[in-house]
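Presented below is the structure to which this report refers.
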Amino acid sequence: MTLADFLVMILLAAYPIGVAAALVARGALGRGLVAGFGLAGALAGVGLGAVCLGTGIVPTVATSFLPLTEFALRVDGLSAFFLVLVGVVGAAVTVYGFGYSAAYEGRYSLRLLGAMLNVLLLSLSVQVMADNALTFLMSWEAMSLSAYAMVLTEHDRPGTVRAAHWYIAVTHAGFVALLAMFLLLSAGDLSTSFAGMRSASLTPGTRDAAFTLALLGFGTKAGIAPLHVWLPMAHPVAPSHVSALMSGVVIKMGVYGLLRVTIDLLVGGPPWWGGLVLGVGTVSALLGVLYALMEHDLKRLLAYHSVENIGIIFIGIGAGLMFQSFGLPTLATLGIVAGMYHTINHACFKGLLFLGAGSVLHAVGTRNMEEMGGLIKRMPRTAFFFLLGSCAISALPPLNGFASEWLVFQALLGGSAIPQPEVAVVMPIAVAMLALTSGLAAACFVKAFGITFLAIPRSPRAEQAHEAPRSMQAGMATLAVACVALGLAPFAVVPLLGASLAGLGGVAPAAMEFTLALSLQVPGTSGQMSPPLLALGLVLGVALVPFVLRMLGADRRLRVGDTWGCGRIGQTPRMEYTATAFAEPLRRVFAELYRPTRDLSIDFHPDSKYFVQSIEYRSEIHPWIERLLYDWPLQGLHGAASWVRRLQGGSLHLYLFYLTLAFLILLTAARWWR
Amino acid sequence: MDGVFSQLSVLGSSLVLLFGLILLWRRGITAYIGAFAWQSIVLAGVTVVVAYFGNDYELYWVAAGLLLLKGLVIPRLLRRMARRFTAERELEPYVNTATSLVVSGLLVLFGYAITRPLVALSQLPTRAGMPLAMGLVLVSLFVVISRKKALTQVVGFLMLENGLALLAVLGTYGIPLIVELGVFLDVLMGFLVMQIFIYQIHETFESIDVEQLNRLRH
Amino acid sequence: MVGYALEIAQAALALLLAPGLVGLVRWLKARLQNRRGASVWQPYWELAKLFQKEVVVSSNASWLFRVAPFVVFASTVAVTFLVPILAVPLPFDGIGDLLVVVYLLLLGTFFLSLAGLDPGSPFGGMGASREMTVAALAEPTVALAIFALALSAGSTNLGQIVARTMADPAAAVSPGHLLAFGALFVVTLAETGRLPIDNPATHLELTMIHEAMILEYSGRYLALIEWAAALKLLVFFSLLGNLFIPWGVSVVLTPATLAVAVVSLLVKLVVLAGVVAVLETRIAKLRLFRVPELLSVSFVLALLAVTSSFLLR
Amino acid sequence: MLLGPPLVGALLALGVRPYRRFVGWVNALLSLSSLGAALVLWSHLLAGRVLTSGPGEFLRADALSTLLAFCVSVVAALAAWLGPGMSRDDGYTDAEARRFRIFANLCAFAMLFAVTSNNVGFMWIAVEATTITSAMLIPLHVTKASVEASWKYILIGSVGIALAFGGTVLGYFDFVSLAGRQEAALNWTVLMASAPHLHPEVIQLAFVFILVGYGTKAGLAPMHTWLPDAHSEAPAALSAVMSGVMLAVALYAVIRWEAVVNASVGSGFTDGLYIALGVLSIAIASFSLVIQRNYKRMLAYSSIEHTGLICVGLALGPLGTFAAMLHLLNHTLAKSMMFFLAGRVLHRYGTTEIGRVSGLLKVMPWTGGLFAVGILAVIGLPPFGLFISEFALFRAGFAAGRPWLMGLVLALLAVAFVSMIGHLNRMLYGAPTPGVVVGEGNRWPLVPLAICVTALLVLGITLPPPLQALLRQIVEIVGP
């Protein structure tokens, strides 16, 4: 039994034990066991992924499961990569959850939460290892369902149940698409094994249909626009460590599935596939960040950023697919690697941010940014981690967000290699949109961090905020370290990613010999950069400048005074710049998209209208695009439903009439059937 | 010989159908019951004819059963119920008499169209009556649909069974006796249960008008 | 070894020249407006003075407020190591390409805006909000300009871009190049807070952007930020100068070529400063919500640049 | 041995008046014995022996019969254990309990007889008998609604069954005009033997009679209209029996005849009819679920949906039949359990309105939890049996080259899924309805239901070899 098999065993054993423990044990012990076994499983997953990536061996587990199929697991490079992703975030989340769920004692069912957390992790791990459709689909539904149960944890809060319903509805629609897709691919092969699908010969029409279904199914899970409606509803209401898991890992399964199907099972396709993915990605990135800007609910804001980052990932993958269809394997690999790199990066920093938001929620008790502020002094560590995450997601060097976005840019710049200019022109447009997205993301996180953590507390609750317990800090620290490491070592990560694509159709790892130099040189890219040296430079700069100043004898006195404000005395939170105000300029710029509804009510002093008693300003954004897309199907559904209801009108004669009518029709059919 | 046989059987079955149609233009429950009773008696007669010419002694038993059960017992029970609900007359059905007759005529034609292959297939002298039996089945379905009172619906249902019995007799000289007995048992049980329900309806709704049974919907 | 010396030398040179450049622009403006104006060296005195003064920090501010100036300064200085100011190819070419330059500058802006929010004064928030808006809207233009350059040069490495343009002078006057230049010039104005986007001369207006953001700063922190801003201006000028009109940049490291490089750099800076000064005297500041329109114009320019260099390839 | 216990139970309940509770206990134990008998039949089949008994193979238990007999005896046992008359506080008077015991046992007897009888005539008689006996039980509490439901049920049901009798006669007619009259002509074995020589046009007519007739009983649209009324008004135990197995028994009759027809004219004809009615049923049921205010009716409509699904499966060749039979078993387990749970909820809340049931998880944690699990199982989520059978069914469909049909069915099922889970949420969460006693109450009735859930889980993870062998034999019987 090799090490890999051993790790598989551990992985498949630890999570179920965790579930059992959650159901049996109570209190701190229960939480401890849940976290412990979850952690064990997650680490086993990381180990397994690392081993497989390192040695390139492919462990296969198969046990007889159903006469017509079998329960099969197989770990290739892609699975290994996603195993690592699941494991890293999973480990952080389980540790964090130990402290976070303590607040739930006695209020909500911890048994369910703990059990479902382990079920979710298990299903995620199994899913990326699945080697046939049945295994994949079962773990897929297990994943959706456990997440659904956890979203419902705080079911007594307003909006939770509705959000959960939206989530399960959309995700099930996606599941249906996937079921059809896999059955199309298996082309009558009853074992529905992936191997069979690879070898199946399908008509172009079928392939296109399968791809479309895959994009729909995996898109709903990944939350690409316009299938993302459930995401900003469901992620915020879930317990924060679950949100981190959902936003960090669960939606990534959409990415995994898309990669698995398009480049592995279907081995690439016509250019419009890649073009579609690219376009969808661009739209999602932009819409996501734009709606995030207008959001004042910290967790909803993060959720919208998930949409944005999934968009960026899809941009990379879409570019890769296009290159692949034009027979440019090197660039194709580059694009896909860029997408995967951003996938794991987003998993880390978005997980980190959600955990941070969880600590804030834990301390302040609200998700509304307008009631926060000044937290950097009350919870410094959380603030630091959150700042790190913000820099990473804003793609600031030398953190990981920048590394992967740089790679995506490079992939898009390669677009000039596409022989048809009219097709290639989409690339620069994507470049521009991507740049705009990252700029807006930076703006959005200046808002998010600044309003939440800086300046004066805006509410008494924010004043009494306290630092999060150690376990939660540990969880955040793990991901923070991951962010920094992934940011500083692209020259080590990217080759691994390239290797993980080995053996998949249409991409050429052979062409991906990465020079393991400090500066990242990727064949096909038109530039180099070296995050570690950059970081070194920046650190040196920040460290040296004060030193130099001191040597030059600059003044070192420092006086603490009141904030200057045009001579007014004293400062109250009401004088601070609010999140709404911060976002106002951009709201005006994009008014066409937002279509905001404003109402401004001023009541004047009874004596003179030059004295204002109170001004009330309210402005709301309604995503009209979603209305456009979702209202008419729902209305159609209800119309059909109420029409069908009328059939059951209550009249016995009517019923007998149906019966006779059916009888006569069928008789006619039978009499003249040939 | 066979000529007479087939003449008689066709005559009988057309009488059976005729009673069905009579029921359509008569009003009032007692009239219905009368029509049904006579129909059953004629049916029994047809069975006897088939039994005599097809010299099949089992069929005499069947005929006796028909006469006893559908010709005497059930009509009596029906009449008792009818007396109980004297106030309830089948005044206007959903479909007025003229239309009813037209529709049932069409139904009979349809029955002919349907049973063509059967007639073509069978060698029995009685085969010519089968379309009429099929017609009766369809007509009685129409009765069940178009009449409002619970009691009339029961009558329609019993006519339906008569039609099927006629079909069986003409087409196959009757299904095996043992099965036939079981069928009789079921008919009786079913009828009794329906009777119970009709009483219950009358208690709970103070009427046996089926139109009132429209609480349960959607 | 010589290369590393050169890197340090050009960074030092940039640091030295930056305040002078600002002074020069101001002086030219004054002249164009028939004022005598302060001397070109005035910014140096201001910096020296600020370094001598004590710092006043708001009681609401956190450690971030004190770290920000150093981050801003460091990131800008780091950029000077990457941008070809005097010579190509630089040994640090491999550390960062044009994209890295842009995002390093964004890093500075990011922290400066946070620092603006930190004291909780409404001015700071206002400035931060507007600064980030402008920065975000300028991003796509920059990216497209880079794309255009990278297309013709086949690389985003600054050194290679310069080298390629010197290799075939025709490229310099290709429509792609010219359009990209125009776009990048507008972006320069936006990023460095010049008219018509922001008024560097103002200190207390409701329309100000950069100044509002750093309103709370004083003493050495303020000095660092001002210096970084000047440095940013110089970096952008030398980018405009050396990427689009690369002649003068020394390719082989001999004292003579270096001297030529220094001279040509000075000339380019003076010319650009003149252009900016003329602009700033000619045109008035835009209303804040007209700024996006200007930026969208530059965006269209950049898009045309890319497409033309696509189709004319 | 299989048929005995229910008869004895019925006679006992008939004999003992006034009702005493030991009758219920005896009855429950007897039901177990008949379950055991079904298992014995099963084991014999696995050994390759088909049990027959009575003159002229009067009774015959092949694989299909055995599967159905098993389902019936399981549900009958559940009904016997959980039905009225086992405990004081179940809200039924002794008279009602007695009536329940009598007719429930007669009904069980009729169903068992229907599935084991070798003679189509007797099968028809038995099915008719199930209608009558179950109809007697619907107005156990006489209310306007229950009387109405029972009247609609008995009338529509009887008319349908009468048509089925017509079908039987036509089939017999065909046989007679082929081979002359003989006593055993109505036996499966005989009919099947001569099936290839039967006349297509006649046998097709016969099958229409059969399908409409027994289809009415099986709740196929558009003959389903009685079903939601009857299921929602009947006492829980009876709803469970009707929805769980009575539909299945009716389908059994159809399948029997289908075998004959297929042997005669090939499967194209029956497939067409199955798909037409099946898809119609699924569509009507799914859309009726969208706006549904009554949870018992919700369950009833879902039964219609699953019946339709089974029909579609039967039209998809051997694989489809395999899946359909598996689905039939799963549905029996799940749906009967659901109706018992619904009965508990009704007993506690006193209403069948979804809107008036809230906070179920707080009020009855175990019942609520099982209810949620059951719904998830019924809408076909893993790891429950119905997911596997549905998956197998869809795979059969795609393998049979009917992707569009499968896509349509998938979409309709998705509609049902979304609606039902929405209703479930409305019931589970929120503040408990005011005036409702909070607390689980009597727990032991949940034990057998928990067993059902376990069975569903097992079927969701694996397919036991005995069951697999049985299903394979059924596929053999039903033929192409």
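The chains carry the letters A, B, C and D, assigned in the order they are written, with residues numbered from 1 in each.
Keep in mind that, in the parts below, contacts are C-beta pairs under 8 Å (C-beta built on N, C-alpha and C of every residue); 3 or more make two chains touch, one makes a residue touch a chain.
Just so you know, these numbers come straight off a predicted model, no measurement behind them.
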Using the touch definition from the top, how many steps at minimum link subunit C to subunit D? 2
Overlap of the subunit A and subunit D neighbour lists contains B
Per the definition at the top, count C-beta pairs in contact and tell me whether B-D or A-C has more. A-C
Centroid distance [mean C-alpha coordinates] between subunit D and subunit B, Å: 31
For subunit A and subunit C, let me know how many angstrom lie between their CA-based centres, rounded off. 35
In whole angstrom, what separates the CA-based centres of subunit A and subunit B? 70
Subunit B-subunit C separation of Cα centroids, rounded to whole Å: 101
Among the residues of subunit A, pick out those that touch two or more other chains and give their numbers. 645, 648, 652, 656, 663, 667, 671
Multi-chain contacts only, two chains or more: what residues does subunit C have there? none
Within subunit B, the set of residues that touch 2 or more other chains is 114, 117, 141, 144, 153, 210, 213-216, 218
One finds touching chains in the pairs A-B, A-C, A-D, B-D
In the complex, the residues of subunit D that touch subunit B are 119, 121-122, 124-125, 128-129, 131-132, 135-136, 139, 142-145, 147-152, 154-155, 158-159, 162, 165-166, 168-170, 172-174, 176-177, 181, 183, 185-186, 199, 201-202, 205, 228-229, 232-233, 288, 291-293, 297
Considering only the defined contacts, which subunit A positions touch subunit D in the complex? 65-68, 134, 137-138, 141-142, 145, 152, 155-156, 161, 164-165, 168-169, 172-173, 176, 179-180, 183-184, 186, 188, 190, 192, 637-638, 640-645, 647-648, 652, 654-656, 658-659, 661-663, 666-667, 669-671, 673
Mind listing the subunit D positions that touch subunit A in their complex? 151-152, 155-156, 159-160, 163, 201, 204-205, 207-208, 211-212, 216, 222-223, 225-226, 228, 269, 272-273, 283-284, 287-288, 290-291, 319, 376, 381-383, 387-388, 391-392, 394-395, 397-399, 401, 403, 406-407, 410-411, 413-415, 417-418, 421-422, 425, 428-430, 461-463, 468
What residues on subunit A touch subunit B, complex-wise? 645, 648-653, 656-657, 660, 663-664, 667, 671
Within the complex, subunit D is touched by subunit B residues 114, 117-118, 121-124, 137, 141, 144, 150, 153, 157, 160-161, 164, 167-168, 171-173, 175-176, 178-179, 182-183, 185-186, 189-190, 193-194, 196-197, 200-201, 203-205, 210, 213-216, 218
